[in-house]
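The chains carry the letters A, B, C and D, assigned in the order they are written, with residues numbered from 1 in each.
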Amino acid sequence: MMQDFKEIHHECGVFGIYGVENAAQYAYYALHSLQHRGQQGCGIVSTDSQGMHLHKGAGLVIEIFNKRNLAELTGNIALGHVRYPTTNVGGMENIQPFIFNHHTGNFAIAHNGNIINSAELRLYLERRGSLFQSSSDSELFGHLIKKERSEDHRIYNIMDALNMIEGAFSMIIMTPNRLYACRDKYGFHPLSIAKLGSGYVVASETCAFDAIGAEFIRDINPGEVISIDHHGIRSNDYSTFKRHRMCVMEYIYFARPDSDIEGCNVHSFRKLSGRLLYREHPVDADIVVGVPDSSLSAAMGYSEASGIPYEMGLLKNKYVGRTFIQPTQELRDKGVKMKLSPVRSIVSGKRIVLIDDSIVRGTTSRQIVRMLREAGATEVHVCIASPKYSYPCYYGVDTGTYDELIGSSHTTEQIREYIGADSLYYLSLDALYESSGRNMGKCELCTACFNGDYPTDLYNYTEDRLRHDKC
Amino acid sequence: MMQDFKEIHHECGVFGIYGVENAAQYAYYALHSLQHRGQQGCGIVSTDSQGMHLHKGAGLVIEIFNKRNLAELTGNIALGHVRYPTTNVGGMENIQPFIFNHHTGNFAIAHNGNIINSAELRLYLERRGSLFQSSSDSELFGHLIKKERSEDHRIYNIMDALNMIEGAFSMIIMTPNRLYACRDKYGFHPLSIAKLGSGYVVASETCAFDAIGAEFIRDINPGEVISIDHHGIRSNDYSTFKRHRMCVMEYIYFARPDSDIEGCNVHSFRKLSGRLLYREHPVDADIVVGVPDSSLSAAMGYSEASGIPYEMGLLKNKYVGRTFIQPTQELRDKGVKMKLSPVRSIVSGKRIVLIDDSIVRGTTSRQIVRMLREAGATEVHVCIASPKYSYPCYYGVDTGTYDELIGSSHTTEQIREYIGADSLYYLSLDALYESSGRNMGKCELCTACFNGDYPTDLYNYTEDRLRHDKC
Amino acid sequence: MMQDFKEIHHECGVFGIYGVENAAQYAYYALHSLQHRGQQGCGIVSTDSQGMHLHKGAGLVIEIFNKRNLAELTGNIALGHVRYPTTNVGGMENIQPFIFNHHTGNFAIAHNGNIINSAELRLYLERRGSLFQSSSDSELFGHLIKKERSEDHRIYNIMDALNMIEGAFSMIIMTPNRLYACRDKYGFHPLSIAKLGSGYVVASETCAFDAIGAEFIRDINPGEVISIDHHGIRSNDYSTFKRHRMCVMEYIYFARPDSDIEGCNVHSFRKLSGRLLYREHPVDADIVVGVPDSSLSAAMGYSEASGIPYEMGLLKNKYVGRTFIQPTQELRDKGVKMKLSPVRSIVSGKRIVLIDDSIVRGTTSRQIVRMLREAGATEVHVCIASPKYSYPCYYGVDTGTYDELIGSSHTTEQIREYIGADSLYYLSLDALYESSGRNMGKCELCTACFNGDYPTDLYNYTEDRLRHDKC
Amino acid sequence: MMQDFKEIHHECGVFGIYGVENAAQYAYYALHSLQHRGQQGCGIVSTDSQGMHLHKGAGLVIEIFNKRNLAELTGNIALGHVRYPTTNVGGMENIQPFIFNHHTGNFAIAHNGNIINSAELRLYLERRGSLFQSSSDSELFGHLIKKERSEDHRIYNIMDALNMIEGAFSMIIMTPNRLYACRDKYGFHPLSIAKLGSGYVVASETCAFDAIGAEFIRDINPGEVISIDHHGIRSNDYSTFKRHRMCVMEYIYFARPDSDIEGCNVHSFRKLSGRLLYREHPVDADIVVGVPDSSLSAAMGYSEASGIPYEMGLLKNKYVGRTFIQPTQELRDKGVKMKLSPVRSIVSGKRIVLIDDSIVRGTTSRQIVRMLREAGATEVHVCIASPKYSYPCYYGVDTGTYDELIGSSHTTEQIREYIGADSLYYLSLDALYESSGRNMGKCELCTACFNGDYPTDLYNYTEDRLRHDKC
């Protein structure tokens, strides 16, 4: 479940729970099931009559929480977050959730995504008296809510604030007696709500509901803010402008295969994309091999469609957390495999169709192809279950700048040569749409990374800000 | 990789390395790749001109070793072990490897398996002056080697000792300048040798070779003892009686899918068993679902043979080690899933063929079937990729006594009723043999757990000794 | 060095370092030497051209920092803090230092003490747009500095802010290229500056200088703000009103005996107070026993003055940190001693003069007297090396409300009876002054806890706010 | 309490408990109070109807034990050990206690001290069939008990074994229903027995009794073996040859000041030695300073006798365990003090009498004298509260070989010059005897390290064996 082998980083996960005894305990298991969305840090804040109780830190859920500190997070409402790994930006001050003390009532915020106009808003707010302790957009949003300094009508303050920010976000706000859950008006990243006993839970992915036995109710809509309190659920639309554009990489790479996004199961999406990949690019080979874990479903689909046997030609080494001793460069040079190893007896002497979900920088693909050849593969045909990744993402996905994206500067043939494959094929954008099985309702996909069609204004969002803390 | 969801416990793994600088570093990565064979404890002993250096403890490889204690294990020869979890027997005194100080030279031992006549030998040795500090067969074997008190001809002492023990064992012995690797004369459990630079490594499974970039040479033979020193490899047969009977559960359940055992890849074995399972028991259903992780290959085979789509209907929660906070019974009752969760959107409204590798006590299967029905499955047909498990194993596999094996006291129909399936089918023994692809050479399978055909004398090995420390 | 046996809690320590390579490394050792001032949490922030690097958490310095996270705190300027333990208020959001991001430049703050008018200032600031994430006065001060929103003249912003706060504080502010160190205008708590190589360090106590080999320059003055940058040290007085009132409990209880405060060594102060205690209250006894560790110096003084032998009649059990397993109540009832144990062979049959530094609630004294009697002491005369503690402290010392202070509601005779002593004597306030050896220059002592003479306006600081987070 | 600043290492501590519920819990607190006798490793074994339960490891008591592993050590009988630190010999295989499985009944052993003829006995036993897994004398003794292979009369087997070993040992043996506690016939190291509720405890030092609320009964005699079971206490003398020679370093350096050894309190012994030191060597000086912690009592005595004020001129930095980050050599060179720091304001301008307990190699004394001079001391007169340490100890104290002892090759004047003192004086052997206050009964002192008068045969115990594992 450690995704750091890929060059794309997951973009955080959020979880909220209302009206359930020992809420933080559920948050622990839910965050654990969302761990694939972020391994750098995590945190939980709970609330009860004594106030808000926070524990957060740098590391995996199982590393940061223990029985003692979890037991201190008392209360029936809780908010949790997992954060993606980056060495470039952000220290522990960016670990979420954030809590805010205010004479009109305390509150806490966690979100995932990226706010495009955060720099402008920060300057605006600093000039009005705000002082920030991190580069997190969650902190920014807390200040936006409070910018009017009015003491009541919180829902209107939140809706006003939501209308000021542009970009991608799924956000949960916790007050002493209420949860608010909201999504940007494009609905870039998933956020759903479920029932748990007499209470409610909100999560980035539905797999978190399954982990704790909650019953899925529905996805939160783009431009919607849900408030949950002792009256139950109420819905408000903070924007009439809505243009549903779900991040296609959620299906392709980020989400867990057992999650459903906008009514479409992730595993099913991937498998169908694999079938369509064969339809578009039928390769003559002996076996189909997927790059674990995210490309396994597509590989199965390709195998089913083609009749070419699906085989476990690559195995992912399991390891977790900070306690693992990384092999030195010397050991790696001598053949110690850190994350992926080829299964020699399966790939040796075989013509392989290698299914991968995407190529971002190309270095990983290059290593895998070489690895397979060294293990005896006679041919390696690389089929990518998505179009060519050519444009930077500004909505919360850390894939780097134009310079870092091999697809933005190289032709397919050049990429094929670079990664050393016998052939290289990409899935078409049409087929990608078809992979959703046309059951996403009115929801369209954000495919900016493939075709540069950015749904939002980009302001003066420059490349050097790509590495800023987004989550 | 945590296998404790199943009622069968893995039975330890061994690793030896000779003639490689920083040998213990390689042992760390190799043991990590063998972690699925035992999660209770682990240890590494290395040797150099300063003597033997040992570190071992209760926990996973990543929990027990850190940079500092690993760095203290200096030398070019090392021996490592991972131990399976049990709460019934054995404390930390049974954690391997064992080291022995002797005026004729120090040595260390690690093994996996179970020696049938250990109780008799212990009494015999205690009466000759031995004093044991554990219930481990490795310690027993150390005493057997030294029982003659002769100061030279160590290889003959080892071969004499090997001829005294009856049962299942793969064992590695380390001296200050040599490694010995040996298998019982039935070859119950795997042990292979590979080349690493100018040195050699020995491991329970070939996946350990891939993890560290070693090149497979061959399996060690039943009844063979290999000695590795500065002369290279030498082989001795300590017994003329040999009857190769590889434990069939190594293929079915224990080994990692990327390992090869006796020339047969484990994933391939399992996949073929799934194909044959369909041939014997074609079920009319909408999807094929495998119980992760060990039954996924068989499920793929069943799917390929039947044309019924293979779907990810069950997902395994990843968690590791001692730091994970186990959910309370109350939370479990409320739906917090510890290890497996059904993927509702995939299984709902579907007729399912559920592929599992085996049924030992039946409780797990019962839970899974119920889980799938609660998630909306309309039919659940259980197909087991092995025959009915009816006889206790005395050769190192902890599956319990006759009373605990549902297969030994219940008919197939009774088991079906107990687990709540719509139908229940087992693979035939013949098909199981066929699954090896007939490429295991002269190696036969030990199938005592299926048909009671125990290859060895059982002495007076009684049921109450089943829980004794075996590994 | 764990002070939690006493009913008085230490009130945090600060440390700053400028112009020294690997500044955070020195901060580690310096904070370790200040650990007695706070054991609940600690943190270090460093700065270099990459920005500010923060690590903080709940626990001892040795628990929170390890080689890896310390190595990430790069730069030649650093700021550190240790925080006192409380279970009543404040979670990890109050752990210092705080860092602030601002378009005019980032900065970080740590302080110890208590700001009397913080509630008023918070409300004022929130109404101007501030949003707080903790109840820490350091965060409050960051907002005060930025309240004018002017982009330059930082020193004037700081001085303005300093003039707005009333109370006790020793504060260090770090910017990307400068350290500011300042004390409240009463100089309640110590803060000194020293030279280290070509750089400078600032610390709550001089013992931190000795720990890292720095050379003491001078104490920072009340009402002074020092700025340290590549020009060296510059001094500004932000207030003309100054009335030096060093907290007398720093000498009596808080500081390490090897520290000098206002030119007066703490051990020497305590020893002289012990001598004067004998002059005022000569008791006829066999041995003098001090309550470790803070009362040992006074006990030595009493012994020297009286000629009654000083003996080690009480021993403090050493233990540290969160890993220590606290004995259950049952074990404590059965005699398991957690923190202090009497030395039977020394106290048995003896008439004891027990020297303690203070009585706050009386429960500890009561336990000690009982313990000594059970160990065979025939008489226990309690001599307190300070006057009767009768008034709550509002300046950063957590001793509780009037109700909790036995001295505010009980006569000396009632207290004697409660603690079970044969006699009870307090040192006079005059003698306490004399203990400083008259070498503190113009510095007077704050003795509000003894005589209710609070040097500052108390605003509407009510008892219920005593438990608020102060440090 | 970390003694590794000194060049002498403590030599382990033992603790046994019989007939008390949750025996291991008491062992935890008792071992914690004995931690000064050994910081390298520790272990506890308990026993109940389920068998023996062991946990041990390398580190401090608070590092090795946690609530979970301590809770697993069930039963009413337990045995514990703390082990001294050495980097030279012995890995984790030497950590005590040892447990032995035997068909006649399991047992466990822990001891401290050093058996002189262990090499001879090991060879003898190995030739009779013994096989050792460590270099520990506890393991050796287990084999000696079982050498006769008789199945009954355990007490006679133990007494026979005791008569075969020569040297220094305090040993506790635990069986499923009994504790045996025994001392060598010279009584080199302390071992006492106490009552705890309806049960009994045995410990190396009486401070362990105070820690858990046990009532001292008496010291175990040289040459005595005590057995404790449901009948109560029984005593046997295994040897008629007895010559009580308590290790004088126990009084001078090892034991905690609150412990009583042979009826003489350690603090009192040290204090009297300080008084006598003044009588023999009256120095004209301004202050008396003791080297913490072991020399503080002697310094107080010198001060009382001389009337020269005792001052806290040196302070010991508190730190513990493996988590402390050791300063690099570079930092140490720059003045970062690891263990001791001078209190400048106290020592500056002063003529100092520095009291230390002993000089072993001289390097520490040299550093301390230099430190004091750098802090401004005008004169440093070193008075050692014991005679010149000139002979290696073979009885369990790790002080090194003749070559390493500065006292064996240098005159007092040469040593004075080496350590840079203005004068250097040693206490006479007569005065040392007098320090015991003549209340040790018939117990004499082993002063071999001062005068070479080794009470036992030394066999062919050579210098190179000094570094062997003793404890």
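Following the convention adopted for this analysis, a residue touches a chain if its C-beta (ideal position, glycine included) is under 8 Å from a C-beta of that chain, and two chains touch if they have at least 3 such contacts.
Note that the structure is a prediction, hence the values are computed from the model and not measured.
**Q** If each step moves to a chain the current one touches, what is the fewest number of steps from subunit B to subunit D?
**A** Minimum step count, subunit B to subunit D: 1.
**Q** Measuring between mean CA coordinates, which chain is farthest from subunit B?
**A** The chain farthest from subunit B, judged by C-alpha centres, is C.
**Q** If you average the CA atoms of subunit C and of subunit D, how many Å lie between those two points?
**A** 36
**Q** Round to the nearest whole Å and give the separation of the Cα centres of subunit A and subunit D.
**A** Distance between chain centres: 58 Å.
**Q** Averaged over CA atoms, how far is the centre of subunit A from the centre of subunit C? Could you give it in whole Å?
**A** Measuring from centre to centre gives 46 Å for this pair.
**Q** Tell me, which pairs of chains are in touch?
**A** A-B, A-C, B-D, C-D
**Q** Can you check the complex and tell me which residues of subunit D touch subunit C?
**A** 1, 22, 25-26, 28-29, 32-33, 35, 62-63, 65-67, 70, 196-197, 206-207, 210-214, 216, 256-258, 260, 265, 267-268, 271, 297, 300, 303-304, 309-312, 315, 317-321, 323-325, 327-328, 331, 334-337, 341-346
**Q** Per the contact definition, I'd like the list of subunit C residues that touch subunit A in the complex.
**A** Listed in rising order, the residues are 52-57, 91-93, 98-104, 122-123, 125-135, 139, 142-143, 146-147, 149.
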